[in-house]
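Handing you a structure now.
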Amino acid sequence: MKNNAAEIYRSIEAIRFKAPVVHNITNYVVMNNTANALLAIGASPVMAHAPEEMEEMVNIASALVINIGTLSERWIYSMFKAAAQARKNGIPVIFDPVGAGATSYRTKTARELVAQEPPAIIRGNASEIMALFDDQTKTKGVDSAALSDDAVATAQKLSETYNCVVCVSGATDYIVEGKQIIQVMNGHPLMTRVTGLGCTASALCGAFAAVEKSFLSATVKAMAVMGIAGEMAAKKAAGPGSLQMHFLDNLYCLSEDDIRKRLKVEE
Amino acid sequence: MKNNAAEIYRSIEAIRFKAPVVHNITNYVVMNNTANALLAIGASPVMAHAPEEMEEMVNIASALVINIGTLSERWIYSMFKAAAQARKNGIPVIFDPVGAGATSYRTKTARELVAQEPPAIIRGNASEIMALFDDQTKTKGVDSAALSDDAVATAQKLSETYNCVVCVSGATDYIVEGKQIIQVMNGHPLMTRVTGLGCTASALCGAFAAVEKSFLSATVKAMAVMGIAGEMAAKKAAGPGSLQMHFLDNLYCLSEDDIRKRLKVEE
Amino acid sequence: MKNNAAEIYRSIEAIRFKAPVVHNITNYVVMNNTANALLAIGASPVMAHAPEEMEEMVNIASALVINIGTLSERWIYSMFKAAAQARKNGIPVIFDPVGAGATSYRTKTARELVAQEPPAIIRGNASEIMALFDDQTKTKGVDSAALSDDAVATAQKLSETYNCVVCVSGATDYIVEGKQIIQVMNGHPLMTRVTGLGCTASALCGAFAAVEKSFLSATVKAMAVMGIAGEMAAKKAAGPGSLQMHFLDNLYCLSEDDIRKRLKVEE
């Protein structure tokens, strides 16, 4: 697999050209930013959660992103419905277990979803990923936690059990498929001071998975693009407010050259 | 009707002076931006959806904006309740059929609302407007679709059937009342890369309808102001992130001169 | 009590160092901005509303912020549940009665919450605070209303009845505990053109209350920091769009010197 600048940029061009519909069932906090990030990269975001329209909405989508950031019973029902329809249609599901480990409700929901409707890609921080398997871990809220080797080991177990790609994100993102581990070292610490950039990363995985055959490659590309746009934004930003703004501008303007200069991927 | 710069600016001054309460039942994705746009133009936004408070909230409002972007049963119930109260109170209802045509749930809800509580103004993109009448049309998500003559024809049918103003928005906005068609050619392509600017347009229709006798004129003015603030923002913007920011700044600062220089209305 | 620049900055440093989890049950309109403001000041925001996870989420939090901006039955149930757990755990509850007085549903909910689970801090504009006691007052939407002496008198009654700190915010913020009244005169009129900065103020009260023993002092500090970051943002802003961005940047970068130069507190 070649995750070089030319390949990444080719995928961005594919997104811009095809404008794939990415259906998001995501949390209230980040809906606006997620939609804006998908528009900036060239995709067509849809946000919908009513059980009455789940199948039909999934039918027009090329990827489905499920994010449990603000849960409720009805939304969980829709998440399962949408995931089942995505499986029928053969479109990739990207799962973001926001806050798994913080409460048993989230942990339980996340585990059940993964077990019943195995996603194509799971993306979370170390403690969230570990909570999908390990009862010992405690999440402190939804911040990105210090990465441990344990998280990568859990990611491997998850990947093997459910035959999916798992991304443990943090200062370095570890993207795992079976025995293979790819590291993306792009990004900037200021990004952790903007709410929902993790959720945005999951949504971008959806956009790339909609135009890529390899979900491993789609995830690596999405995480690299996130990190690069974030680094470029951080250079211009005076704080987290302007970082969010520049980030969207950069996603929209990203050139092959921007990627080539900054890409830090280790396979 | 004179939709010239002086007249438009007079309406903005009326909004700034009266600060009309605009009650919004709108989708989760755009609530923040919608409220900010209403504040920037000088109105007083209220966002509320609980059936328990619908009548009372409508009672303090000068316009009601209903947007079906993220539907659920309970919210639909509140939409009907609020629209009925608005009719009783004689305040204008602005309806935004987000995603009508994308799922039958949306299409059905939108048609029922329009039929049971005909709004003063309907604003949507071509495919959404067509979905209010035509079972043949398919919406691709909620993006603005290529405008066809069909959409304007449907707008005329809608306008005549329900005695309302219909705005088909796109690169050119077609504002229709009965046989009359007014075109607004302001705006900028980058605006389609920011989520919810269509929803913002509907909300601004609410602000103008709150201070205008003619709903046709209110819609034309709102769409012109949207487009002009967007054009001015696009000139300064480096991408969709900064466009959204400049757009709000420009709405707030808009002068009669800004409007005069840029206004493109064709009656 | 010393609410000088050094003391305020010491509290900011405590927030940055401890990164306290602040649990918010707040309205859809402001969730994103609230989370971003908490991150910018150094806290760890959590947004969660499912009754199934209320106790557990409160258990990892150092403060709970309840905001009734967009109510519904289920959320009210969660608010009571979360407040009861916060009482058990001995963590402060900050209550923001958004729109109390506008509808009887809000007024009733707000009064019941305050009576059943007296918060540590109540923050609202004059009409909202008055609505917690006085049936005569009418709120015009959720804008900050002209402050009257009545509001401060009501705040004193509230403070004595429920043994809490009450902040009546406006051009001058009046922070009341029993007979004591402290005035914060920081802030800028343009801040009223950005949605949810009142809600942000309540959330910041939560961040300060999480690291301060005195809730009076926590509230004064939060309101001063709000006002100062807002003033600094207004100096750079071209309108409400850029004000919001600069505000977050300034919250993040705020230095002791920034505070010293601008602080206007009168005890």
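Going by the order they are written in, the chains are A, B and C; count residues from 1 in each one.
The definition used in the following text is that a contact is a pair of C-beta atoms (placed from the backbone, for glycine too) under 8 Å apart; a residue touches a chain by one contact, two chains touch by 3 or more.
Remember, predicted model here, so these are calculated numbers, not experimental data.
Any chain touching chain A that also touches chain B appears here: C. As for how the two copies chain A and chain C face one another, under half of their interface residue numbers coincide. One simple way to say how far apart two chains are is to compare their mean CA positions; for chain A and chain C this gives 32 Å. Multi-chain contact residues of chain C, defined as those touching 2 or more other chains: 28, 32, 244-245.
Residues 27-30, 32-33, 69-73, 99, 102-106, 140-143, 192-196, 237-242, 244-245 of chain A are the ones touching chain C in the complex. Chain B makes touch with chain C in their complex at residues 19, 21, 28, 31-32, 35-36, 39-40, 44-50, 52-53, 56-57, 60, 74, 244-253.
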